[in-house]
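Labels run A, B, C and D following the written order; every chain starts at residue 1.
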């Protein structure tokens, strides 16, 4: 599966943003720890992004079971999801390097929001195209739809808020 | 599957060409956005290349269903396709970094053309070697063959055009 | 499978920490070998980490056969295992670059210990959640549990020992 | 499958050694082509290594069909094969960067030889451990064994030859 592959790679590439620091006294553990502490934002970003991609992957796996088929429109939306997931190593590195910079946060929120909207679009289009399995009850579908819409909306609201902040500064 | 793996990795490695810029005022969102804007070509190249590889993967998936077996000649052509797909992260980075340089565009077109010709060769060889399933009607085969030939030809025409431009400058 | 993917990628990314050295006399094999010898620690770290990840992957494969299902708690622990495995390329590079630095060893031991504790937790939680297959005899389960606990404990003991050393210096 | 994953990644990581060159006149296609020509060795190394890994993967696939099971000794040898395959991106970069340096060629030949000997060992051990399927006739087995041994021997002979050359210089 291309989907699993892209997620596995994106999750593993996150680590490439952590750099081995150069220190003068090569034997000093104190110097190495201090140098690594400067990458604290990147460590946090690594764990956060790994967790987010993990949850996205898990939820997609869950949703995927309820698709009988993948129509052309759904395929296009899947590629938007994949492009957003594959974008994480960059966006996570940016946020990790500039944790207090509004523009970095903006990119991060934008990537998450893009993924969630494509995810939401997939659910809507899957219903329109009759691609859902019969086992998915209308109630369960409504719940999935509501949850994805809520996530996408919250992220977009934060995105707008930070956009205003970025312009204000 | 090796094919899916190479595509998933090539698509995800594209992001590595986007670099976290170094800015002086670490808190200035304006400075970060300006620095990122300089990588605009790479962002565009990322999206374009992701889409192209996505379409290639999807079409191959579709074609693959109609292969009963993979002969030695088909295997060799598959490796040409894979080598071209795996080459994308470099060629996309080159084009993203020098969007207005004819030589960069030349590399990009050449990689796409190489993939498409190998793809076309696979169809021709598969028929010669009797590797196609019976479900593939002659009409459907002719259509697939025509479409792939057209794509390869158009890309090659652009390639020749840009070669002339590159020599002229 | 996401698990196989992350392991395959983490194992292959280890190599990225080996750098092609720049030497002045490009034709001197002696100069190149001398330059490469300076990366001896990284070569050792590559082989060690490859072997550790290989063993982890193999053991997980073995354990996985005995899980009937993956509960939410087990999933969370799986992601801790994956995050630790995906962290190896960094931790291996750090140790390879500073083989005699206590802090680097600390990171390495910490990553291994984190993986093993999550692995142990998975066994415990799988039993609590009734996720084990009937084919797994109580004796075989006890043996697996004991072995994982021993590994995690030994690594944690080393971790504490090196923490004391790091603070002492 | 871990094996397919490691090969797919190693083959795709090869491209990372090709670097986008920095040129002064960003619009000059001549300058870009000249700068890229300096990486000619790396381009050649990319294609060569991609082909070698492709052939290795194909042959392994072929051999793998004849293994009924994987014993502990075979697993260890598989990991040697994987470690050698995953080592290619470094060894190919070294050779590409220093095509005329005996030490670089030595590393390349050594990696190929290590892979082939582990591959040969797998065949021998598989027979000893009774892990071969009945469909594999003694003749076919002898042929596979002979071919792998020949490859490993030829590579080792070249390795020794270049070792002598490296010492002589």
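As a working rule, a contact is a pair of C-beta atoms (placed from the backbone, for glycine too) under 8 Å apart; a residue touches a chain by one contact, two chains touch by 3 or more.
What you are looking at is a predicted structure, and each value in this text was computed from that prediction instead of being measured.
Of all residue numbers that take part in the contact between chain B and chain D, under half occur on both sides, making this a different-residue interface. Chain centres computed from CA atoms place B at the largest separation from chain C. The distance from the centre of chain A to the centre of chain D, with each centre set as the mean of the Cα atoms, comes to 35 Å.
Taking each chain's centre as the mean of its C-alpha atoms, chain C lies 25 Å from chain D.
Listed for chain D are residues 4-5, 8-9, 13, 16, each touching two or more other chains. Residues 1-2, 4-6, 8-10, 13, 16-17, 75, 79, 82-83, 86-87, 89-90, 93-94, 97-98, 100-104, 106-107, 165-166, 169 of chain C are the ones that touch chain A when the two sit in their complex. Within the complex, the chain B residues that touch chain A are 4-5, 7-9, 11-16, 18, 20, 23, 26-30, 32-33, 36, 46-47, 50-51, 54, 57-58.
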